[in-house]
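Notes follow once the structure below has been shown.
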Amino acid sequence: MERIRLGMVGGGQGAFIGAVHRIAARLDGQYDLVAGALSSSPERARESGLALGLDEGRIYDDYAAMARREARLKNGIQAVAIVTPNHMHYPVAREFLRRGIHVICDKPLTATLADARRLVKAAEDAQALFILTHNYTAYPMVRQAKSMIEAGDLGSLRLVQVEYVQDWLTEAAEETGSKQAGWRTDPARSGPGGATGDIGTHAFNLAEFVSGLKVESLAADLQSFVPGRRVDDNAHVLMRLEGGARGMLWCSQVAPGNENSLRLRIYGDKGGLEWAQEDPNYLWFTPFGQPKRLLTRNGSGAGPAAQRLSRTPGGHPEGYLEGFANIYSEAAAAIRAHAAGEAPPEDVTYPDVHQGLRGVGFIDACVRSSRRNGGWVTL
Amino acid sequence: MERIRLGMVGGGQGAFIGAVHRIAARLDGQYDLVAGALSSSPERARESGLALGLDEGRIYDDYAAMARREARLKNGIQAVAIVTPNHMHYPVAREFLRRGIHVICDKPLTATLADARRLVKAAEDAQALFILTHNYTAYPMVRQAKSMIEAGDLGSLRLVQVEYVQDWLTEAAEETGSKQAGWRTDPARSGPGGATGDIGTHAFNLAEFVSGLKVESLAADLQSFVPGRRVDDNAHVLMRLEGGARGMLWCSQVAPGNENSLRLRIYGDKGGLEWAQEDPNYLWFTPFGQPKRLLTRNGSGAGPAAQRLSRTPGGHPEGYLEGFANIYSEAAAAIRAHAAGEAPPEDVTYPDVHQGLRGVGFIDACVRSSRRNGGWVTL
Amino acid sequence: MERIRLGMVGGGQGAFIGAVHRIAARLDGQYDLVAGALSSSPERARESGLALGLDEGRIYDDYAAMARREARLKNGIQAVAIVTPNHMHYPVAREFLRRGIHVICDKPLTATLADARRLVKAAEDAQALFILTHNYTAYPMVRQAKSMIEAGDLGSLRLVQVEYVQDWLTEAAEETGSKQAGWRTDPARSGPGGATGDIGTHAFNLAEFVSGLKVESLAADLQSFVPGRRVDDNAHVLMRLEGGARGMLWCSQVAPGNENSLRLRIYGDKGGLEWAQEDPNYLWFTPFGQPKRLLTRNGSGAGPAAQRLSRTPGGHPEGYLEGFANIYSEAAAAIRAHAAGEAPPEDVTYPDVHQGLRGVGFIDACVRSSRRNGGWVTL
Amino acid sequence: MERIRLGMVGGGQGAFIGAVHRIAARLDGQYDLVAGALSSSPERARESGLALGLDEGRIYDDYAAMARREARLKNGIQAVAIVTPNHMHYPVAREFLRRGIHVICDKPLTATLADARRLVKAAEDAQALFILTHNYTAYPMVRQAKSMIEAGDLGSLRLVQVEYVQDWLTEAAEETGSKQAGWRTDPARSGPGGATGDIGTHAFNLAEFVSGLKVESLAADLQSFVPGRRVDDNAHVLMRLEGGARGMLWCSQVAPGNENSLRLRIYGDKGGLEWAQEDPNYLWFTPFGQPKRLLTRNGSGAGPAAQRLSRTPGGHPEGYLEGFANIYSEAAAAIRAHAAGEAPPEDVTYPDVHQGLRGVGFIDACVRSSRRNGGWVTL
């Protein structure tokens, strides 16, 4: 099976998420990275491209030029990964989408709600797919959880508790030279949300994805604990979901001892589920009135939804990169089906531009609610 | 050292918490149970009393009669444990307090805020002590946590996350004959709060006790998920604490798979702490920028605040009953000092009527906020 | 129900295990401690006795005198707890047993195999019961495990893995004034086994108790890692059990980071069980080909064998002292039945002198095998 | 940087470990798989090769032919991955080594000790490298553990406890059509060891690698619990290591509830370490007399030895495939240095043929000892 020709915008040397996307694209052997505008600095773009083994002729420092040229090349890229800061997602995506090049874009969708709406339009108008890398949705045991809820194992859902907790911004890292901290706490590049945008959107997306319920309204209390910080670094959010379910969402970047503690708990009138990103091969299932059960990836009790995204037997832990690679594999299946003029296989699923819009809507709602002293706002 | 003569009101056969109080009183050999009005049914009172080895002459079916007579007896009780449903706490306590008999009372303080205020007055006017059994405050590692915060190990506090989660009311147990479920979901006996009153007050009290910060205001979203239930069985609460700290409190009795999952996490600008009631001999301490440390009761890193309430070496788990007994031992120390006309030893501490009032205020605030669609209310 | 009158030999101020026995005796309200020879030093005996509230007339400094006199008193003790160093167990027990006073004795049974055999004889000849406090056998979830194995939930047993690991003798504590370390590493008072005697016997006893299988032979490699230590501080043991099952036992007092890590794992051809003393309210049950299940004390899946030794609902942890108290309660049931001339209730069980003999036989076998370079020896 | 041209022998459709090697080779973008003798069945070889996108001209069904031809090609493979059953490792490796093609071979080294010795000779004589994929040695936190021991953080080592426990052979899977179970329990293809060969060698290798100590002698008790099984499915092993350290090794394939529970604990006179393969991003460090510390991959306390083999920040779990890929990356560094006529960078390390020989020696010693009723044998 021929590999999909992939380009990348952003992700030059020193960037974290670009390297993750490249590993994810490589892991299952479905993509070849063949072009890139890895930096807007020509020199850095070139160095980064060469280090990745790109042909000199396909190293760009201008994403628009890249889009134009690759669209004309006989063996031009079929898809592009966008791993820039948030404010660039829309303009970059637009250039590729309008030329029929599929876009695999990092989250959140955009820095502003206006851009998000424009991007939805652009994606809807395009002859190309748009995939948003809410990577946590592609962990096997997250799929297992979703499938169990769909099967009714939890009964009617009542409660959704989700949190994503970090500690890396406990101090003012943005003032001491951290490039990551710099753009992620800069509203111009990151958007109005800090923790809400960077990790809250993941938590929000995961909660909706697994529960299958949309958040209808929320009440948020946002804080910037670190003096001088321009965006929130902690958020407490109450949620009301479809069908009467309620929930809480906590995201924080100032809770010492937490690395990437994304944790989801969902309860219905028949049972509960609990999953933690840092130990992703486990899923607790707690049917009411029965002993707790620990399901393991590819172990007893894990069904086809988990198995199709697993590579190794139970007890051989798969982690973050495998989950990320699953998004790329889902995308590959969809891209191949698209090329063949077919619908993607039924079990293929990935976060799209509409989920992306909901994420940006979540940030917006958090900021609006918090400004109104935590009043409820609809999403 | 002579044992303290103890009476009990409530706690007849079949009651859960009465038996717990009796074990707690017995465990360290500081009390003798010598009188009781264990039930308002004369027959049940008598049977229960005899089963506990009480003299027939000191078995009562009327708490007021008990208070009057014991106060006159030469070797009458010095203290009484009140383990009735909530609405009886105030009238019972009043009778004993006014006669100079110390009261050890289960939580929440009362069923109504009006009663709570009356009880504060009664306690302040009395020549006797009032001890409220917020037992979780007396776990050794809870004391360890409190002492570390006092010592500044966490720096300036920013976040308090607390939850108390159960599942025993997932279905309508109050309609199928559970005595516990019956009175605890009956506003007339339990008060306006369901989960908020029964377990939310514990979580609230623990958060304030360990952090040393008072909750200034809260915003609450209360639910009664089980059809027909007359009190809340789940509550989501945002909190604003003294000094700018923020927090969330979740209490639930409808989350399948949770038994008594009381969990507290506190974060400051220098570090964090995490404790879980179901595994109470452990305390996570996470100084920012250093490896996580697992402190164990009486193990390395646990200090005198934990050691003075421990009986066994580290690795020999002490649990709920020992924590409860610690309240009784703290009370005993205070009672003995009171008898000697002295102040209690400096390190003796226990929840008192004022903390009780705050707990009832918490329930009231939750109900008020929730009725106002989660608007912030001051405590 | 009248309390059983209890005496104690050993356990004066500063001793660890004496205090544990006293709490255990008190916890369920079945015993009154009324006499004691708490120390062989008259002054220490008196001080310790008074501190415990004993009548002066029933404070002894000579256990034999105590046995003689209490046997003649109208309200003399009905049972005695022996909590001396090991070498005194036999002579003390003999004096009480021969006078029809029940003996509750700490483990190991004796310091020597010869004494153990004499004590078996003494117990068999006596009109009194002998209870050995292998306290770990009375944890509710240990009983749950045993009952599941008896019910065939694991199928035919194949493997028994048990370990009891500590770190308190990592350095030469016996040379720096630790009283506990002093006698426990002194062969004259402790017997030929160090770690094997102090904790290995617990592990061995637990393995046999839960599995229901006797160890037929073993091969042991004993070490004294700390220079100058006169007994083993670490032991590696291979075991062959009845019916073809095999096992390993590790006991150590020199493994930093371990407090009282007693852990048992048993596997049959249908499933497995795993239990850890430091988290005693949990029991893993792993039926082959099904998800792992976490049973909790008094939670779903825990049966009557666990419930009858529980005091509180699931999620309210019971620990070491409650487990120890269970031994005392089992003993009380047996003592009351004995007094009534009846057999004890069917579900009452406790470690007796024969299990004690097996424990001393285990120590002896370990020492013999290790001297023969780990050759197999029968038990 | 140009990718290394890689071939593969074995690993056709349906094989587990071949797919793992391919992902591992791909993950960091250092290799291109360009040739393969994926099966000795021509048809299966062809189908498997095409599915992997190999050129038809470089799909072989005869490994010797492949070695001959690839060695002559201008762009022939530089390295070959051998993922056949064990008995083929030696003959296949020999063909490539003698032609200067580097070999990356799955473990155990060979099926017989004689073959192992021949392979050592072949590797020593070759102008090519031999890398054995004891993949567990390349987990970042395993490297962290090794580096801490080298730095003296544990003091003088006393104890090594290692176990590798599975359950997939609890029943006679080899009789019900499992291909994996078939060859792995067939002495002709697997060698004389069953569990000892398949997973015991991993445990043994890990223990020696991390501790830095060689096992000098061992005493083993091997079992075949499943009727009719021709190799051991469980082994209990006592070990004596250099410098007076002692250890135990348990490997089993018949312990229900265990997937790939490889667990290592090492203790010295100053501290301990504990690591578990199923949760590989954590490492417990327990300095004597201090609180336990939980080190995390790329978190605080993890040093350069772990960081250089990490791709993502702490809290983004890396797992089995990343660990396996680390072996491939270490191999790539060595291969590139070899091509440049240089020594590999100082911190590059991988299991080689000599460690492979020790592993086969371990199997042999286990079998010999067990036949002698567990007598000690030297390694």
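Just so it is clear, A, B, C and D label the chains in written order, and each chain counts residues from 1 on its own.
Note that in this section contacts are C-beta pairs under 8 Å (C-beta built on N, C-alpha and C of every residue); 3 or more make two chains touch, one makes a residue touch a chain.
Molecules present, by chain and UniProt name: A, B, C, D = Gfo/Idh/MocA family protein.
What you see is a predicted model; the values in this text were computed from it and never measured.
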item: Pair joined by the larger number of C-beta contacts - A-C, A-D; value: A-D
item: Pair from A-B, B-C or B-D with over half of its contact pairs in common with C-D; value: A-B
item: Whole-Å separation of chain centres (CA-atom averages), chain A against chain B; value: 43
item: Whole-Å separation of chain centres (CA-atom averages), chain A against chain C; value: 55
item: Centre-to-centre distance between chain D and chain A (centres being mean Cα positions), rounded to whole Å; value: 34
item: Residues of chain A whose C-beta touches two or more other chains; value: 258, 289, 292, 296, 299
item: Partner chain D, residues of chain C touching it in the complex; value: 158-159, 161, 167, 170-171, 219, 221, 223, 225, 234, 236, 238, 240, 246-248, 250, 252, 254-258, 265, 267-272, 274, 284, 286-289, 292, 373-376
item: Chain A-touching residues of chain C, taken from the complex the two chains share; value: 285, 289-296, 299-301
item: Chain A partner contacts - residues on chain D that touch it in the complex; value: 1-3, 16, 19-20, 22-23, 26-29, 51-53, 166, 168, 258-261, 277-281, 296, 299, 311-322
